[in-house]
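In what comes next, subunit A is part of two complexes: it sits with subunit B in the first one and with subunit C in the second one.
Now for the complex of A and B:
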């Protein structure tokens, strides 16, 4: 029933503003993705001088410009570590916070406070402490800790949202049917919460994967990917930088699609689709 | 089948912080009884149920099942099973796995527990739905799965928290019959919490009427309906008109009362007989009332004993009878259920002034009890 209705002038103003905003948001990234397919003789700017995968190949050669493979591996491993820690501790903390225990309010505010602390100073402080206690900073020790100060409160807040929709009578029903606490957790609580846990995992992973300020002064000798890219922007003068941008975007998108896809499949199953 | 599952509560009290939810309740439910806990929301009936189930512990008092104290025991060790208000079926498990859950946590081998679960599904006529998940079932089907999941634990007592409230009217009537049948078949005790008077009266052998964390009356269904003990029970169950007045005199086993408008009623004086000037309450069943139109529309009281005068404000045709709602001069509502033949021989219309009469034998004496319950909302039709 498409019916012509005269739109007010505000519609056109807001629509224009929205289009400009979308261009501003995606335009530059789109330019980078396109330029990453630059021909071997092409430069950092348009026009394209042929189309090739040359610069993607260049990424995997150890070059004077930077250590892509090493920093990429470190970032992925670190992101997985952060993800596992975040899910484990957020779930346990989320379940614990359902009951009021002694000092729960204080602990909650302390956890949330680390969300608002400036990341760079946190990084500086952690780096400093490691120097004082004479332990070398490293991506899998100090940087891991620094990133957790950011992802744990985030994960906890997501768990609050997830648990607020969790009906406690499932647990009571399980206990009524003779399940021990461990069995209730294993067979009922965790499976029902599983889509929420995937969301926490996704946040843990992506927040770690592109974290910059908290890693900057805690990472030690080997850079993570965001730090490496930042270093490369000043030294690299080839479209390899753009190829790198495309690759990292693909990784991020893969993580998101994998997570949302598995959540969707679980919800479909509970709705009764995919029956044998 | 031997009847099992006797419940006894001895001076059970439950406090949540400063709130007294259950105030020293004692009751006995004989083995194999269908019992209803009936009361308005917030009266403590669900709390009482949860204390029998072991999901809450009483602050004081004792809970016994088949003569054994179950205080401190986890739900599964009490021989009780609870059916939750919205059934709490596990959304990620199939019906079969839901029903087999108790066997699984007890370590029964997979083949054996599947066999038993199929048998139980068969008993509730749901075996065809074994591979479905709860979201695919209707409310009535979900209820039957919940019932199967509880009964597979071989409980002595099945506790049902508002089991019919999630269903539509038609299913409610059907499922309440099913519940009664299941209770007979299994020979165990059912304790069914509800706030619907009709539902309680229809299914229960023992109706326990509660208010403010106390039991007002524990009686047969007919007992609470026909011979309520208190003004609260009479008003809450419905089907009765409640009147009050001051004692004028007592003679030959009957007290004569007079209300503020000058209407006079007799009530059995009881033992000991009341003093003159005391306030007494009585109930008269709505279907034991005769009604007659008055010629004088300004009349406000009747000189005859056992009658009141008021204005008809609504008539509702109910098939075999007509419900006539009369407003008394003091604003109280008085209801007469008149046989349809009698009514239509000389029908009263809205706005007519009528006199309602009853015989002294129809009167039933009540104890006065204040209640939070609002009579305009509740009470059943008949």
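Now for the complex of A and C:
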């Protein structure tokens, strides 16, 4: 054992490889966050020509960079809707899949197929249906549905992973003590699964907030943020684009820190209670 | 009112099943049906004809397009597999403290939760003509002229794909490697196996499921890509999906639908080929 676990040369080679990989992941992103603070006369590349918040201000001047504020609000609202639906429906479905029932395999395969489906295919299909039934597409019905075909399978797979570690004897103990189904769910199952639910919520929020092809033909008249950013890549040739990148990343990071932080706190408190 | 327990699963699964049926099942059928329709002057006309498919198959452009996409997916697959394997191997077998393991794993996954488009365009100031890489190479005196092949080329397309999708390999491989009992590796080492033998004869066979799942993710993501090829090649080449988007913007829905069906068939064939090599379901349950 000691022979294998000893820090051999492969450890140092792989550690270096890992560090390079992390640099590769974060380096370019850091570059644009720094460049978004470019001075008013600065360009799209280094060096920085002074430091300013000029380009963040430019985001809010509608004519120059499109409808940033509108698409930002729309994206956040949509992401919250998707998050709520994803958590509720994939948790329910996850609980259902603990038993074999007629049609469970078919539904599972439908979810997997929905996950690997090219997004624009789906977008086109939903767009065509709304055209046929003559209802205008909009972000809170058609785009919401389109995004759910992507987040629900993700949520379901996470629920499978979470539930496979769930010990059913807690549930049985609650029943034996006379708890109703509802009480078992409310006081036993959901509290135990809670960290997993936060993970599903994080995926629901961030996958929706960044969704592109499925939203493209289903969003209707107003853009979501990724569509707006995509449009900007072809029209805007100023650091305002980077400023937008920084702003969206701040939102993503807020979501990540909030969810991972609360999972950490819950696990820590649980650990504490066990020790007492 | 008491609900009989036999129908509880149906009630629980109903919302998910309904949403998938309405927003996945019906659109899928619609696209297939429309791919046989006719279109006249931007109007879609119900019909049954194979013209849309003939058009796609007889165009030399489609073949080139798919060959380019296949080339990208194979190259990206090989690179992401190599990186993913080494990163996951390091995290699982070399990092010993659990806290560090979780922390470093999160470091790898955080970018996944941020915007893909932003991550992609972040390569522009790095690889551009006046970008960081060129500036650095010139100041080091390694080159006199900026390198042009770095941005808006096959190179930058592949870099962007690898940057966006390696994560899927890392996560799936990490998952299956973490399930390997370290005692097996110790036993192999004690029995005199070399490092290389441990990897090829134990780790790789035991991580087959992870490799297959990661490959499915990477391959389908590259094939279904919309904008990476378009933007990172500087508009020189386009992806299969982008070609479809062009047809949609010209309101040629039936021919876009035919392209979509063909794309789906290609993607499904690739997934089936991967599953042929590794039976994921058997491995997951076993």
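As a convention for this text, the second predicted complex is superposed on the first by the 247 of 276 C-alpha atoms of A that agree within 3 Å, B and C clash if a C-alpha of one lies under 4 Å from a C-alpha of the other, contacts with A are read in each partner's own complex, and residues count from 1 in each chain.
Here is the rule we use: a residue touches a chain if its C-beta (ideal position, glycine included) is under 8 Å from a C-beta of that chain, and two chains touch if they have at least 3 such contacts.
The structure displayed is predicted, hence computed values, not measured ones.
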| item | value |
| --- | --- |
| Which superposed partner A:48 touches (first subunit B, second subunit C, both, neither) | neither |
| Which of subunit B and subunit C A:89 touches, first, second, both or neither | second |
| Partner chain in contact with A:180 - subunit B first, subunit C second, else both or neither | first |
| Touching partner for A:255 - first (subunit B), second (subunit C), both, neither | second |
| Contacts of A:28 with subunit B and subunit C, given as first, second, both or neither | second |
| Partner chain(s) touched by A:124 [first = subunit B, second = subunit C, both, neither] | second |
| Broader residue contact with subunit A after superposition on the shared chain, subunit B or subunit C | C |
| Overlap of the subunit B and subunit C footprints on subunit A, listed as residue numbers | none |
| Subunit A partner contacts - residues on subunit B that touch it in the complex | 53, 55, 74-76, 80-82, 84-86, 88, 90-92, 101-102, 104-106, 131-133, 135-136, 149-150, 153 |
| Subunit B-touching residues of subunit A, taken from the complex the two chains share | 167, 169-170, 172-180, 183, 187-188, 191-192, 194, 266, 269-272, 275-276 |
| Subunit A partner contacts - residues on subunit C that touch it in the complex | 8-10, 12-13, 15-17, 19-28, 30-31, 34, 83, 86-87, 89-91, 94, 96, 104, 106-108, 110-119, 121-126, 128, 130-132, 135, 163, 166, 185-186, 189-190, 195, 216, 220, 223-224, 226-227, 231, 241, 244-245, 248, 253, 256-257, 260, 263-264, 267, 271 |
| Residue ranges of subunit A touching subunit C (in the complex, touch as defined) | 1, 3-5, 10-11, 14-15, 17-18, 21-22, 24-29, 31-32, 35, 44-46, 85, 88-90, 92-93, 95-97, 99, 101, 103-104, 107, 110-111, 113-114, 116-122, 124-126, 128-129, 132, 145-146, 148-149, 152-153, 156, 202, 206, 209-210, 212-213, 216-217, 225-226, 229-230, 233, 241-242, 244-245, 248-249, 252-253, 255-256, 260 |
